[in-house]
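What follows is a set of structures to go through.
Both complexes shown next keep chain A, but they swap its partner, so chain B is in the first and chain C is in the second.
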Partner chain A sequence: MPASFYILALFTIMSAFCAMSLRNLVHCALCLALAFLGIAGLFLYLNAGFVAFAQILVYVGAVAILIVFAILLTRNAEKNEAKATSSLFFSIPLTVAIAAILLNAGFSTSLRSSATAATAPSVRELGTLLMTSYVVPLEIIGVLLTVALLGAIVLALPERPEAT
Partner chain B sequence: MIVFQQIDQVFVTAKHYAVELAPIEWQSIISVLLSIIPILAVFPLLFAITTILERKGLGRIQNRYGPNRVGPYGALQPVADGLKTLFKESVQPRAAEKVLFFLAPVILVIPALLAYSVIPYGRNMVPLEMDAALLFFFAVGAGTELAVFMAGWASRNKYSLLGAMRAIAQMLSYEIPLILSAVPVVMLSGTLSPTGIVAAQDNYTATIAHWNLFKPWGFAGFILFLIAASAESNRSPFDLPEGESEIIAGYYIEYSGFKFALFFLGEYLGLFAICGLGITLFLGGYTAPFSFLNWIPSWLWFFGKLFALICFFIWVRGTMPRVRMDQLMNFAWKFMLPMALINILAAAAWRFVPMPGFRWIVSALIVVSGYLLLGQGLTHKAHYIKRTYKFAT
Partner chain C sequence: MSPLQAYLGVSAILFAIGFGGVVTRRNAIVVLMGIELMLNAANLNFIAFWKFGITNNAAGYVFVLFSIAIAAAESAVGLALVILIYRHYKTTNIDETTRLHG
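== the complex of A and B ==
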């Protein structure tokens, strides 16, 4: 593994750590955006340019901004009253269990040896695959997102008085 | 004709010559630098020219002189402005978040500069050839929103936070029609690379170029793109984030000195970049509109089109009143978004209807009927109620 991988990994982990541990929620959200950026960098390192740019577009451009919006609109962000109720009794077994699952998945995958992809798939190949072999999952995701969108609109609609 | 070709490629050959002069281990770095430095030199210079042009043009539209004291006809005004911002004290509010306050203008300028790396400025003149370049362009634009939020929030000022919220809501809403209006071009060129998109438009039938603008879906797409682009770069009539009469200067209200100049620069660099993308997608990039004009160098065509688009935006700014927030949102979600989707349908019809004459009719019919039906649907049931004001009489 070259140095660039370690720099990217360290950057991602550090910003994820900051996102967990900082006191101010807005700072946490901005650090989360940095972590997303680091993950996009890891995708670029793996020669997956399309996925990396999609990651930036969706996560840094939309998800991080939405998180920030949610923080600002739902609570008073000026007061740093972020008191996490932490109980070691639950958190340690939970952390260990999740880490075990992730590590197991990481080490048992058949894709392990493809860390340096020899041939980067072009965007054209990705599109062809999405429209032929993986068209059913793509359609299902589309329907799911549409349903979520409609649900959000219904929730946001102002309630009308019954009489009209 | 050889002479014209040489003039067309003069920058490319100059770069090759300069790179070959260097020792072999330095060549790649020199090549990269020779791609970056012209961008860093040309576009800030264009920004300086645009500020004086905009102030002069707005003055002309509003029946006044505009700047006319510094230099002949006020032409040295940008130099004076630059010096002024350099020497001005950079004030920072005591309550501001120091780090974020400092970082925000820098983070605003960097994505705007990154976006220039994938635009083809002339034949063989693209700094970075990439497979997913169009996606790259839109992805780096995402950094702008974060920078705007950081500026608005770190200033600890109600007006700046309001301005940032407005700006982000507007950018998020108009980013969707912006990207969707580019989708038909990608569909019919079959590539995400700007050079490929330009090459697809570089054909001529009866001396007229195959620009996407001259096709029904391209025409509708270009208009949608222009509207979304002016909203995306916070320009009038969509300049609510800096509505002077309501929230003074929006998210950069607390910035002074050179940080303010950086915001100004970032905004204009973003505008130029998005104009360059519009030229690449719809106006044939560096190609000439008529085949008998092909002797004019390609880079001159690109910058001529860029200049024309900038003038168009100045004209719009001098002409249109600012829209209201609810009008802005309604327009984005109820008109721009459905219209962009209908436009994708029109592009699909263009692709799959076999006869060349017939596909013109089908595609144009979809665009026009979509436009009329949407307009009908929006204005038909609009019931105007008397507005009641909470805080004013």
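== the complex of A and C ==
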């Protein structure tokens, strides 16, 4: 692997760690956007250009901004947050165990080499695939997105008084 | 270390970091951020297996697009729920929202 891969991977992991460990929530959201950018870079390394740009559009563009909005709307909730973490007695060993299991599984894979390096489908091929082989998941995703966004709007509407 | 193993390692570390954030932090927004990180780690696995996989079809590639769409829907609903919880309880601390404990 080239050295630039390790730099990018280290950057992604460090920003993800900062996003999960910093105290200031706005700093957390900014570090999370950096981690998303790093993952988009890793996608580019894997020749998955369309996914990388979808990642930048959706995650860095939309999800990170949505998180920042939620943080700003719940702004004064963190005043009395003297203790920001739950008990670390069980959670830290659990996290380390999950990391060990996943790393062991990843490093002991039998898929050793890139025998058939897949070529990325062009946008035209991708559109054809989405409209033929994957048309049912595509339609379900469309319905799911509509329902989820309507649900989010209904949830966040100001509540009527108790007179029903 | 083969390229596939390198990507799987990065993905495993990212997943563990997201999981650690979910189980240690008390702020609901940070918990949602951890879930997003775990979804991203899974997407990285999808793309790595697509790239270095045995069959030469685009299933892993297309499924990442679906996964990104589902993650966007999930974060929209989750953050609306966080705002609703904040409106009721004046806090986003998930340890204090215990009304359903019974």
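FYI, the second predicted complex is superposed on the first by the 122 of 164 C-alpha atoms of A that agree within 3 Å, B and C clash if a C-alpha of one lies under 4 Å from a C-alpha of the other, contacts with A are read in each partner's own complex, and residues count from 1 in each chain.
Convention: contacts are C-beta pairs under 8 Å (C-beta built on N, C-alpha and C of every residue); 3 or more make two chains touch, one makes a residue touch a chain.
Note that the structure is a prediction, hence the values are computed from the model and not measured.
Of the two partner chains placed around the shared chain by superposition, chain B is the only one that A:26 touches, whereas chain C remains out of contact. Taking chain A as the reference, the larger set of touched residues comes from C, when chain B and chain C are compared. Judged by the touch definition given at the top, the superposed model places A:122 against chain B, while chain C stays out of reach.
By the touch criterion stated above, A:152 is placed in contact with chain C alone, chain B being left untouched. When the two complexes are overlaid on their common chain A, residue A:60 makes contact with chain B while staying clear of chain C. In the overlay built on the shared chain, the residue A:132 is in contact with neither chain B nor chain C.
When the two complexes are overlaid on their common chain A, residue A:49 makes contact with chain B while staying clear of chain C.
Applying the stated touch rule to the two superposed structures, the overlap between the chain B and chain C interfaces on chain A comprises residues 50, 54, 62, 69, 120. Of all residues in chain C, those touching chain A in their complex are 1-21, 23-27, 29-30, 32-34, 36-37, 40, 43-44, 47-54, 56, 58, 61-62, 64-66, 68-77, 79-84, 86-87, 90-93, 95. Those residues of chain A that touch chain C in the shared complex are 1, 5, 9, 12-13, 16-17, 19-21, 25, 28-29, 32, 35-36, 39, 42-43, 46-48, 50-51, 54-55, 58-59, 62-63, 66-67, 69-71, 73-74, 77-78, 80-81, 83-86, 88, 91-92, 94-96, 98-99, 102-103, 105-107, 109, 111-121, 125-126, 129-130, 134, 137-138, 141, 144-145, 148-149, 151-153, 155-156, 159. Only residues 26, 30, 33, 49-50, 53-54, 56-57, 60-62, 64-65, 68-69, 72, 120, 122-124 of chain A touch chain B when the two sit together in their complex.
Interface residues of chain B facing chain A in the complex, by the touch rule stated above, are 100, 130-132, 135-136, 138-143, 145-146, 149-150, 153, 161, 165, 168, 172, 175, 190-192.
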